[in-house]
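One chain, chain A, links the two complexes that follow: it is found with chain B in the first and with chain C in the second.
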Partner chain A sequence: MRVSAGRWLGDSPVGTGLIWGAVAVFVALAGMVEAFAERRIIAGVVALGPALPFLAALGAGYHAARRAGGRGALAVLGRGVGAGAATGLAVAGLVAAGGVLNLRAVFVNASPALFSLLSLGLGPAGGFLPILVGAAVGMGGAASSLVSDRARRPVVTGLVAVLVIGLFQEMLQLMLAEGWIQSALRELLFAPDALSRAGSVVVFFVAAGASAAWTYRGERVRQQLMRVPPPQRRLLKLLGLGVGLAVMLVVPLVAGPFLSHVLVLVGLYVLMGLGLNLEVGYAGLLDLGFVAFFAIGAYTVGLLTSTGGLGVAQLSFWAAVPIAVLVSLAAGVILGVPVLRIRGDYLAIATLGFGEIVRLLVLSDFLRPWLGGSQGLLTIPKPSIGGFELRGPEHLFYLTLASSALVAFVAARLRDSRLGRAWMAVREDEDVAEAMGINLVNVKLLAYGLGAAFAGVGGAIFAVMLGSVFPHSFQLLISINVLALIIVGGMGSMPGVVVGSLFLVGLPELLREFADFRFLVYGAALVLMMQLRPEGLWPTAAIRRELHAGEEMGASRQGAWATTRHPG
Partner chain B sequence: MAVLASRNLTRRFGGLVALNQLDLEVEKESIHSVIGPNGAGKTTFFNLVTGFYPPDEGEVVFNDVSLNGLTPDRVTRLGIARTYQNIRLFANMTALENILVGMHPHLTSTWIGAVLNTAATRRDEEAATAAAVELLAFVGLKGRGDLLAKNLPYGEQRRLEIARALASRPTLLLLDEPTAGMNPRETIEMMAFIRHLRDERGITVLLIEHQMRVVMGISDRVTVLHYGTKIAEGSPSQVQSDTQVVEAYLGRTKWGRPENGGHA
Partner chain C sequence: MSRGDPLGSSPSHLERPARRSWVEKLEFVSLFLWAFRVAVILVVIVGTYGTVSAGQYPGPVWADLVVFGLAQGSVYALIALGYTMVYGVLGMINFAHGEVFMSGAYTAYFVADALARSGSLDRHPLWSLLVVAVVSMATSTAVAVLLERVAYRPLRHAPRLVPLIAAIGASFFLQYAFRGLYGSGFKAYPEVAVLKGEWVLAGIRILRTQAVVLVASVLMMLGLYVFVMRSKVGTAMRAVSEDREVAALMGVDVNRVVVVTFAVGAAMAGAAGVLYALVFKQVHFFMGFVPGIKAFTAAVLGGIGNIPGAMLGGLFLGIVESVGPILFLDGLGIVAPYQLKDVIAFTMLVMVLIFRPSGILGERLTVKKA
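Let's turn to the complex of A and B:
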C-alpha cells in the first residue's frame, strides 16, 4: 500500500513530518487558515484557522509514533517531537519564503495576514514559533499512540466535544438565548464569540467523563440489556424509539428556522441516500445518474400541483406525491432495462448519461411549452393539512422526518426480505446469484425502480420546499454527493446514510466559510475514509439469526458429516 | 433411465473447440464422474448444462426437457444445482444467508408482502430459516450460521457451498472438484457424504474430479474427455484399463497426477 516515495521519506520521523508539513502548507495556501481565522473555538486561546497547520503536526506525531515499531516510550516521544517539528519547519519555511519572495503573484491567499497567523502574530521574526509549537503538538500525538485505547478515548472525545461546541457556538448561543436556566448555562460556557476558557474546561471534562463512564461501564450495561427477556426488551426498544421520536419532534422548536432548513436539506439527502443505498449498497449496481429520479419526482409534483400557467391538474400535494412516486419508479425501471447486462465501470458511465439526459431534456426548448425550460415551474403551493399550511422550514422538517422514517422502514423490511437477500447475492456474485435461481431481470429492475421511488419522495418535498423547480437544481454534483455520503456513512448501512448526510450535507451548510472548500474537504475526507476506515463511519453488522436464546455457539455438530471435526 | 443427456454438444471459444460433439448420458441416482486433463472441457460442460453458456451445436436434455435457450435461473428451477471449482460463496453474507439465497426459487414471498410483513411472508421466512438451519447441521456446520462466509475455514466453505446447492432441492447435483485442496481424511469424509446424498436423498451426482482415488472409489460410471472429445466411457475399472485413456490422459502408464502424490 505504501508508495515507494513513502519508503524513503515516510519512514524517518522527519520525512513523515515533512509530508504532513506539505499538507499544512497546502491548506494554508488554499486559503483555509485565513478563512477560518474568525471561527474562534476558545476565546483568546485558539481559533480554527491557525490551528489547522498544527493539527497536521498532531497527525505527523501520531503517524511517526505508529511507525516506531516496538521502540521504547522515550524513543517514540522523540520521533513525535521530530515529526511535529518538521511539520512546523515546513510552516516556518512558508513564512520565511513569504517574507522574501512575492508569493502572492502565484498564490492569491499568501497574504501578510496569513503569515501573521501562521507565525502566531510575531511576523517573520517569529519563524521559530511554529517549530516549537509543532514539536510540542507532535509529542502529544506520539504520546496518544502510547496509551491504551481505553485511556485515549475519553481524551479524544473531550477534545472533539470542545471543537464541535466551539465551532457551533453561535447557533448554540442563539438556542440558549431565552429562559434563565439557558442563560445561566450560556454564561457559564460561552464568551461573546467562542467558548470561554472555563467553559471549554467544563465541556472537556463532561464529555471525557461521559466517555470514560461508557468505556468502563458500557460493556456491562450492554450485557445486562442482552439478558433482559425478549418481551421486555421489545418494550425497552419501543421506549427508546419513543424517546428518540419525542426528541426529534422538539428539535425544530429549539433549533429555529435556519437549523430546521439545514435539517430539511439533510433529510432530502437521507431520502436520496436510502434510495441509492438500495441500488449501490444492497444490489451493488453503481448509479451516477441518481439525481434524475429526484428531478422526476420534483417535476411531477410541480406539474400536478402548480397553480401557474404550466400546472396541469392543480392537485393537492398529498394526491400528487403517490403519482410522483409511481412516475419515479417507472423511470427507474426504464433506466434499468437498457443497463441490465452492463456491469461495473460501464454501468457507471451509462447511468451518468441517463442523469444528464434527464437534466438536458427538462432544459430543452423542445419541452419548454410543458416543462418551462430554464425558467422552470413556478408557484407550487405549500402542502396543507386540513387548512393548516406547512410553510416554514420547521413544518417541512416534520414532513421530511415522517417521509424519511417511512422510507427507512420500507428499506429495512426490504433488506431483510427474500428480495434483499437476492440483491446482496447479486452484489456479491452476479453469475452465481443467477445460478441460484434468481431472476436477474426482476431483481435488478426492482432495485432501480424502488431506489428511484425513494428519490422521488425527496424530489416531491424539494419542489414544495422551494415552491418552484428549475433544471439547474439537478446537477451531476447531487448524484456524486449522494454516492459520497453513502460511502462515508458505510455501504449498505441505513444509519450510515443518516450519519453521512449529517457530515457531508449538514456540516458544510452550518459552517458558512466551508462552502468554498467543500470539494477539497470532500476529496480529502473520501481518501482518508478509504485509507483508514473503508467500511464507513457506521458499517453494517451481520444479522444473527441462526441461534436463538438458550443455544450456545459451537454446539455439537451432527448430520451427514459423519466424523468429528479435526484441525486442518 | 437417463436423467441428463447431452447430444452432439459443441462449444467453441474463437478457434478453440472446447467441447466437441459430446454425447453423454447420466443415469438416474448414479454417481457419474467426468475426468480429463486440464483444459479437457469438463468445466465448459458444466457451464453448458447450467445455462451459463449457450451451446454452439447440439443440446442438453434434462428429464426429457431441452435446456437450450434457458437462462441459469430457469435451469436451477428445473432441479439442477452446482458448486464451483474455486469456491464462489457470497463472501459478505452469513453462512445462513448463503443457504437462504439457495432456497430463493422455492420461496413465494413478494416484496410487497415483505414490506407489509404479512402472515404468509412471516411463515415463509420462518420455514426457510428452519430449513436452512437444518441444512447447516446436515453438512456439519451447526452453530456456524451467523459467521460471514468469507470467515469460514476452507473445508467448511466447501461444505457450505454444497449446502447452498442443496437448498434449491436439486435432483441433479453438479460438483466441480469437491475435494480440491482437502487432506486425505477430509477427502474420505467428502466421499462418504456424496454417497450419502445419493443413497439417502436420491440425488443424482455429476462430478468433476482430479483425485483418482475419489473417482475410482465412488463412481458408477466415468467419462473421459480429452481436448473436448470423449475418448472413453464405462465403469471405473473399464476406463482404468483403457490404453487410449492411459496414453492420452497422462502420457504415462500410471494413474495419479504428480501433485496428488501417488493416489494410485
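Let's turn to the complex of A and C:
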C-alpha cells in the first residue's frame, strides 16, 4: 500500500511539527509577529508578537501527543519535543533564508527586525534558538495532553487570564486611574506598559483558583439552582437581567469616550446582526447584500435631517428614524421579491449582486445631485432630547443600548411567534413548509423586510454618530462582517449575536494593531468554525441538534466511501 | 443535505397549475417580476435608440469596444471554467476561486518583474512570458489544492450552507493573507516591448496584448475541452459529475478526481491571471474579487456545470460590459456611464439567477442529480 505524503505529514510528529511550522512562518511573513511585538503581556518577559510562532509549537506538541494513541508518557513527551523542534526548525529555516536571500523583495514584512524577533534577539547566529525553544514548548504542549482535564482546566484558564489582562492592560489601567483602591490594585498588577511579573503571578493564581473552585463546586451550585422552584427561578433570572442592565447603564461613566465609542460600534453590529439573524438564522436565507439596508437607513436619515445642501426636510432625528425604518423595510421587501424563487448558494450570490448595485449607484456621478456621490452627505445634526444634545459617544451609547434592547425584544417575540415558527419551518425544508400551508411569499418577504428594518435602525444611528454618510462606509466587507459574527456567535441565537459582536467588532477595535489582520482572522475563523464548531459559540439547541445529525450522517457516509476506494 | 437539488432552483413553487385563468396568474410577485423585466428591456431599447440616433460614436469606436470586450471576456471565460468544473463535480460554488486567480497573477508579478529587470522579458519575450505563466499557474494550482484539502474536503457531507460559508471565509482569508505577504499597494506589471502597439486585421484595429490574450485563451480552452472529453481523468471527471456515488462504485477515485478538477480549474485561472495582467498592467490583493464574481456570472450565464457554456458566457459578458455602458446608458443621458459598467454586470447576474438559472446552454452536467 502506498503511503501518501499527506498521511506521512499528518502522522509523524516531525510532519505535524512542520505543518505547524508552515503556519508559524506564514504568521511571521504576514506581519503579525512584528505588528504585535510592542504588545507586551508581562513586562520584560514576553510580548505577543514573538510568542506567536511558539504558540504554533505548543499546538504542534499537543497535536502530535494527541495522535500518539496509547503510548507511554515518555514516548508522548518525545513526540511533543520532536514536533515542537520541527516547528522551531521551520522558523529557524526562515531566519536562515532571510540571512542569505533578499526575501524582502517579495515579502514586505521580511525585515531584519522580524528576523531579530524570531531568533529572540540573537540575529542569524541565533538560528538554533527557535529550535530549542520550540522543542521545550512542544514538550509542554505534549505534557498538557497527558494530565487530566480537571488538572488542565485551571492552568489553561490562568494562562488565558494573564493573556487577556495583559492584552487589555492599557484600557484597564485607564479605568483604574482614580481612587485609592483602584490605584493600589494598579500598582500591584501593572508595570507601565504591561502586567508586572508579580501581577501576572497574582492574576494566574486568582484565575486558576477560581476555575478550580468552579470545577469542584460548580456542579453542586448548578444542581442547587436547578432545585429552586420555577417562580423563584424566574425571579432570579429577572434579578440577573436587572443587574446586567444596571451594569450596562454605568459602563460609559466608567469606561470613558473611547470605550464607549467601541461599545456603540458593537451595538450597531448587534442591531445589524439581529436583523440578519432573522434572515439567515431563522429563515435560512443567506443574504450577502445586507449592508444595502444599513446604507438605506443611514442615507434616509442623512437626507431627512441634514442641514447641508442635499438635505430635503431638516427633520429632527426622532422624526426621521421611523421613516428610515419604513424605507428600509420597503427596500427589504422590494429587493426580496425578485429573489423569492432563488435558493441556497444562488440566493447568496444574487443578494450580493443587489448589495453591490446599490453601493455602485450611490457612488456614481449619475445620482450625485441627490446623494452626493463619493463625497456623501454632510452636516447631519446630533439628536437631542428636550434641548439636551446627545453629542459624545457616551450619550450615543444609551441610544444604541435602548434600540438594541428594543430590537432584541421584538426579535425574541418574533422568534416565538407563529411567524417565527414558520421561518424555521422554511429554513428546515421549503417544500415541506409550503405543503404544511405556509405562504412562502409572505413569510420570506417578512423576513427580508423586518431584517432590513433592523439594519435601518443601525444605519440611522450610524449616520448621526459620524455626522455624515459616505458610500465608502458601506462596503461588502460589512455584510461579511455581520455574517461572520452571526456564524461565530451561533446561527439563530440572539445571545450569540452579542457574543459575536463583542468578539469580532469589540476586540479588534481595542487591539489597534489588529486592524490590519482583521479580515485575515475573520476568514480563518469562518473556515475553522465550519469545521470544528459549525453551530457557533453560543448555539441554539435546534441548530446544534441539526448539525450533529448531519455530522453523524456524514460520518456513516464517509465509511461507505472508504470501502469503495482503491487501496493505494 | 440537498444534493438532490444542487441548483436550489428547481421549477418554481410559486407558479400555479396551468388551468387557472390569466387574471389569477397576475399575482403580485409575477407582476413585480414582469415589471422588472420590462424596465430592464426598456432601458436597453431606449438607451440603444438614444445612442444610435445621436450618432456620437463612429464605427471604429464600437469595433474597439467589441475587441476589448472579447479580450476581457476571454479572461472571464478562463476563470469561469474553474467555477463551472467545481460546480459540476461537487455541486458547490467555490467562492474563493477569484482569489485563486489573484494568487497566481500576484505571485507571478515578482517573476515578471525580475525578468524585466534582467532584460530577458524583452530579449526572449515568448519564453519569459511562458515562465511567468507557468509560475502563475503553479501558484494558483497549489493554492487551490491546499484550499480543497484544508477547507472543503472535511465539509463534503455537511449541510449545504456550511461549505459556502467556509468558501466565503477562505476568500477573505486568501485576500488578506496575500495582502500581508506581498503588501497592500498596487504593483505595476512590466510591459513587454513586443506587445506594445497594435495590429490591423481586416480593417479592425486590435492591440497586440489583446490579440495575445484572445489567442492564448482560445488555445487553452480548446486544450481543456480535449482534456475533459478525451483523457481518462476527464472521463472520470464527467462520470463523477453525473453521479458521484455510482462513479465511485465503478472504481473512480473520487477524491483524486476532485483534486484534479480543482487543479485544472486553478491552472486556467492562473493563466487568466497573467493574461489579465497583460491587459490591465497592474495587480493588487483585491483584484480577484470582482473578476471572480463576473466569471461566476459568466458561468451561470452559460449554464453552470457546462464547459462550452462557460466560454460562451464569458465572451458574452465581456462584450456586454464593454459595449453596454455607452450603448445602453449614454443614450439615456446618464453622466459618466462607464462608472456603471459593474452595475450592468451585476444586473445581468441577478437577472440570470432570477429568470434563467439554468443558463443559456442549460446545465447538462448537473441535471442528472436532480
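One rule holds for everything that comes next: the second predicted complex is superposed on the first by the 534 of 568 C-alpha atoms of A that agree within 3 Å, B and C clash if a C-alpha of one lies under 4 Å from a C-alpha of the other, contacts with A are read in each partner's own complex, and residues count from 1 in each chain.
In this text, contacts are C-beta pairs under 8 Å (C-beta built on N, C-alpha and C of every residue); 3 or more make two chains touch, one makes a residue touch a chain.
Since the model is a prediction, treat every value here as computed from it, not as a measurement.
Undergrad: Between chain B and chain C, whom does A:421 touch in the aligned arrangement: first, second, both, or neither?
TA: A:421: touches chain B, not chain C.
Undergrad: Contacts for A:28 in the overlay, against chain B (first) and chain C (second): which applies, first, second, both or neither?
TA: A:28 contacts neither chain B nor chain C.
Undergrad: Between chain B (first) and chain C (second), which, if any, makes contact with A:272: first, second, both or neither?
TA: Neither: A:272 stays clear of chain B and chain C.
Undergrad: Report for A:407: first if it touches chain B alone, second if chain C alone, otherwise both or neither.
TA: neither
Undergrad: Looking at A:446, would you say it contacts chain B, chain C, both, or neither? Reply first, second, both or neither.
TA: Only chain B; A:446 stays clear of chain C.
Undergrad: Return first, second, both or neither, reflecting whether A:431 touches chain B, chain C, both chains, or no partner chain.
TA: A:431: touches chain B and chain C.
Undergrad: Can A:356 be said to touch chain B (first), chain C (second), both, or neither?
TA: Only chain C; A:356 stays clear of chain B.
Undergrad: Let me check the overlay on chain A: which residues of chain A are in contact with chain B and also with chain C?
TA: Common interface on chain A, chain B vs chain C: 431, 434, 440, 546-547, 551, 553-554, 557-558, 561, 565-566.
Undergrad: Quick check on the complex: what are the chain C residues that touch chain A?
TA: 1-2, 5, 7-9, 12-14, 28-29, 32-33, 36, 92-93, 110, 149-151, 154-166, 168-177, 179-183, 248-249, 251, 253-255, 293, 296, 300, 334-337, 339-340, 342-343, 346-347, 349-350, 353-354, 357
Undergrad: Per the contact definition, I'd like the list of chain B residues that touch chain A in the complex.
TA: These residues of chain B touch chain A: 50, 52, 71-73, 76-77, 82, 84, 88, 90-97, 100-102, 104-105, 107, 109-111, 114-115, 117, 121, 124-125, 128-129, 133, 136-148, 155, 159, 164, 168, 183, 185-186, 189, 192-193, 196-197, 200.
Undergrad: Enumerate the contact residues on chain A facing chain B in the complex.
TA: Listed in rising order, the residues of chain A that touch chain B are 410, 413-414, 416-422, 424-425, 428-429, 431-440, 446, 450, 542-547, 551-563, 565-566, 568.
Undergrad: Please give the residue numbers of chain A that touch chain C in the complex, ascending.
TA: Spelled out, the residues of chain A in touch with chain C are 6, 26, 29-32, 105-109, 284, 286, 288, 337-350, 352-354, 356-357, 360-361, 363-366, 368, 430-431, 434, 440-441, 480, 483-484, 487, 516-520, 522-527, 529-531, 534, 546-547, 550-551, 553-554, 557-558, 561, 564-566.
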